[in-house]
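Consider the two complexes below, in which subunit A is the common component and subunit B and subunit C are the respective partners.
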Partner chain A sequence: MSADARVRRVAGTAAATRVPWDLVGLVVLAIAVAFMPDLLKAFFGRASVSYLSIATNALSLSILALSWDILARTGQLSLAHAAFYGAGAYTTALLVKHASLPLWVGIPLGGVAAVIFALLLGAVTLRLRGIYFAIATLSAAEVLKAVVHHLPTPIAGGNAGLNVPALFRPEFIAGQMERWEVAFLRNEAYFYVYGVVLLATVLASILVQRSRFKHAFTAIRTNEEVAGVMGIRPARAKLLAFVLSAVFVGMLGAVEAHRVGSVLPEQSFSVATTVLALVTPIFGGLYTTLGPIVGALGLSSVQETLRRTFSDGYLIGYGVVLVLSILFMPRGVVGLMNGLMRRRAKPAAGAPERTGEEDRP
Partner chain B sequence: MDTTLLVQALVSGVLAAGLYALVSVGLALAIGVIGIVNFAHGEFFMVGAFLAYQLFVTFGIDPVWSLFIVAPALFALGGVIYTSTIRFVLKAPELNQMLLTFGIGIILQNLALLIWGGDPRTIAGISYRGIGYQIGGVSIGLVPLASFVISLVLVLGLYWMLSSTPLGRAMRAVAQNRTGAALVGLEVNRVYLVAFALSALLAGIGGVMIAVIQSPTPVVGFAFTLKAFAIVVVAGLGNVRGILFAALFVAVAESLVATMVPNGDTLRNAVFFAIIFAVLIRRSWRTV
Partner chain C sequence: MSVVIRATALAKHFGGLAAVDDVSFEVEAGEIFAIIGPNGAGKTTILNLVSGLLTPTAGRVELLGRDVTAASPAQRCHAGLGRAFQVVQPFPEMTLRENVLVGALFGTPGLSRADAEHRADEALEVTGLTALSAVDAEDLTLMQEKRLEIARALATKPSVLLLDEVMAGLRPAEARDAIGLVKAVRDQGVTIVFIEHVMPVVRDLADRVLVMDHGKVLTEGRYAEVTQDARVIEAYLGKEDAA
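Up next, the complex of A and B:
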């Protein structure tokens, strides 16, 4: 049923062959990630070091946005993603400082820490809806930030945070490579780690969209009482969404802590993380796997272009883009594309007009 | 426990509550009447503060008098923003409305950062800034006291306006039932426009006062957006009358923790959010 609906929607204009577009997209993404560093190196040479960082940031934003979207599919508009991110970052930092484990262990454990926090938060907020849910999650995130901030300094570093060692330290060998190539190797290694986390997130999202949970999520978002009457267990579905939404963001936080080299309360639990997590899917298109990723790539490029054009105050342009996209593109980039394709195809009578995109909260 | 310290904390909390209520009541008006969750609300507050600062620096206008310039200016700004953007998303999903106002907030905040930079700005050299009164060991600053009184008068004035004037009745009618209000001949769009502009005006007046009380930076707006949200949520969304009590509750709790807990000053925000979280969770599980 779910696969049918999707094929009809995506391939609605072409012949109705059953192409699993979501899996095709996953493969394309994997290939793109695999070859991106080499491509950048071939095209930009020395400058590819910074381009690779920008690409890594785009992957990071994609992970964040898609994770947020998974939770939003149940109608829960979270403002707590900074807390998931920070929980992951601080977990790996604390492990490095207080336990002598391999560095890599911190990353899955960062995901676990985020999941634990998400489950607690999800369980107590089960009954909150809409803006009340949003404010409660924001409050929880701020409280967690303050708690971490006020842990005794020998444990968590307080205001000064903790240092986190890098995961990769490519050696500079004189005569064999240039300096920038060492930096490139380091950035490349991180890029692949982010790529793997993103692919895992995309796979999780696709699995949800292909399972009956897709319909459970939509039903809960549309009307939770009715969903319950139809035999869906809202609490279970909502908590599942919380877990899926937190785990990859927690891992992202952990990896990013290693990449940046430190964790700080204000930085690791920044409201900006939460804001990006929700702005991006809305810009790209909600409740799809593609939308948040398109949004992340689009917003990253917009922001980067603006930053290079106007060094100061480039965020003004970012705000203008946001306002304009809401006014003229209320369903995001993907919604706009779908609309254009549908208009061009002019569906025959009886063709499915409702695609599930309409039932926004 | 030191009683004087306790009383001092209580008094500071009560005085701060006035300003909090003034800022929050504007937000509650936007949510209650128009149904817009305005994430840019605190930026109106910030714009008010920096207008007052600039008027003082450029023309030497005392903040007391700039109240009368900032208020209409913010009313106009609110009106322009409503007409150019908000008007078009009245029926859009809540999330889109939030994002739109968020974008507006980003624009205003970064414009301010571009113009004034990130450093705190102080309105220096006004005579009444340092004046304070001592009552039994408890000190009360003239400026916080005045801001409390002005805020209280404005909030009560708004309550009176909502309950007893034709405009207030129109706002309440529109809030209750948009279609019904239109059917009985109210110009819904104009009522929305006035409500939004009024909400910006109230925030702007609050901003002028913060410019005297503290030395704000352009990022002060977002912090106040969050605080105003907290108070609005504790009062209940759209409940304009509850704001005064919610603000009192939240501000006093904040002040008590900041004074009583060692190292409490940095815990302020956490207290704020812990209260909101507890109130929301408790309320949601209470009626089984």
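Up next, the complex of A and C:
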């Protein structure tokens, strides 16, 4: 009985002194998003217009990568994220063309469209595991692409796509601002929209990590059979992860359609979206909230630096960086940092005493 | 006495091979029920059919009077079935306590987080793992892993616990500890079904023994009875002696 009391006391003190780093990070991110445009403007003046656009791309990649990671926590590697992105993009484009609703409505409805598609796709594919799931989901984007491509042109625009009006049209007021400030205001407004979507994604990820779903996802990833015997319903948990993984990417696709000004079959259902969605969290560190965001910020910086240094063939350098980092940081940037911190924290602690555990039956 | 598990004419065919064929047995509340037999007799297949990891080719499984033949592993877990695996399979990325917490969190739908944590700590204490709570599950010794396997199953609050060769690979002293642990679990009111190769363990633990060979039931009864059965000696014990 005394041992029981002791355990509870130890657990209590640990909980009391633990810093909620995830929530601290969320607040820091919110503050960074709120002040980023003004900071860039103050430091870079006219150049801040393009910097803001680069920062927006980094937010976009963060949303995509973190969303992908939420599903990856259940062990399912999705190649369907271009489909969710494109479903969101085409939803808002079609609404603009065929319904007279406020432009903003397309963004949440883009998320809804992605969720519906995830439910349909998940019901069919989530019982598959590993490479079989990946291949089944890869076809999803191709199917949607073929659908919009072959729908009659007056409906979905066919190969030429559809125009999507901008969400923001700041007006130039002579005497009160310079010409470039119009572009800055437009980019600033988009940056905030992306920032809000990213904060929502981060919040969803944190809520998963703080709930029992974190344990369910990890258990399913490491051993689905044992997870079932422990009372976890793998099919339900994976479908929930799939839905969470799709909703923000659908919204992202919708926002991006307005920012770019058009949707095209090739561009909205691009394999590049699918590849970035999985490469970025692998680079940053899987199965965490922080890893995919670190990966997105890191890869965006690397790509932009390379692009400015070598205008031609910079993608080759980008590929080399990716290959090297995956070879030498198999657990991503965050895994590397954790390893370094752990080594510093207990330099005397050796390897686990037990060796040769691979030989066990 | 009430019947906890009733298997009726269970069969499982893998292709042309009948791993389990026309097996029927009943496990009563509060007993320790052993399933023995040579390698390949179908013992683990029976546990997989009972816990829902395999669907039977024919036959029925009832758990506490409910037909669960078509139920998922999770549903059977919620109905009161716990399972510890032969090849210990902790979730390696979690600490020992988190592993046990998984069982507590999901074993009973609707259980609050605080109750689940309490239940996990109870299971850790019963299995003597409290001091190791914060250790990563991949850093455990074999005996600790076996205890974890039982703790995790106990945390689901089972009415009946299936143990698949939990003594395998243990040294005699460790096996004695494990026997004590199984008895302690039974004394808490949990019915136990276990597969075992080590005959002294079966003798010390089992109230009743089901002997299997080539997927069929050879005989069933008390340890002293079945070990006198000529067919059992031939199929199982005889081979052991010769080896």
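By our rule, the second predicted complex is superposed on the first by the 330 of 361 C-alpha atoms of A that agree within 3 Å, B and C clash if a C-alpha of one lies under 4 Å from a C-alpha of the other, contacts with A are read in each partner's own complex, and residues count from 1 in each chain.
The rule we apply is simple: a contact is a pair of C-beta atoms (placed from the backbone, for glycine too) under 8 Å apart; a residue touches a chain by one contact, two chains touch by 3 or more.
Nothing here was measured: the structure is a model prediction, and the numbers come from that model.
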Subunit A: partner with more touched residues, subunit B or subunit C: B
Contacts of A:I316 with subunit B and subunit C, given as first, second, both or neither: first
First (subunit B), second (subunit C), both or neither touched by A:L77: first
Contacts of A:R212 with subunit B and subunit C, given as first, second, both or neither: second
Partner chain(s) touched by A:V143 [first = subunit B, second = subunit C, both, neither]: first
Which of subunit B and subunit C A:P330 touches, first, second, both or neither: first
First, second, both or neither for A:I135, with subunit B first and subunit C second: first
Touched partner set for A:M230, first subunit B, second subunit C, both or neither: second
Subunit C-contacting residues of subunit A that also contact subunit B: 360-361
Subunit A-touching residues of subunit C, taken from the complex the two chains share: 51-53, 72-74, 77-78, 83, 85, 87, 89, 91-94, 98, 101-103, 105-109, 113, 116-117, 121-122, 124-125, 130, 133, 138-142, 152, 156, 168-169
Contact set on subunit A toward subunit C in their complex: 3-4, 7-8, 11, 212, 215-216, 218-219, 222-223, 225-234, 352, 354, 360-361
Residue ranges of subunit A touching subunit B (in the complex, touch as defined): 77, 124-125, 127-128, 130-132, 135-136, 138-140, 142-143, 145-147, 149-150, 271, 275, 278-279, 282, 286, 312-313, 315-316, 318-323, 326-327, 330, 360-361
Residues of subunit B defined as touching subunit A within the complex: 37, 85, 88-89, 92-96, 99-100, 102-107, 109-111, 113-114, 222, 226, 229-230, 233, 237, 263, 266-267, 269-270, 272-274, 276-277, 280-281, 284-285
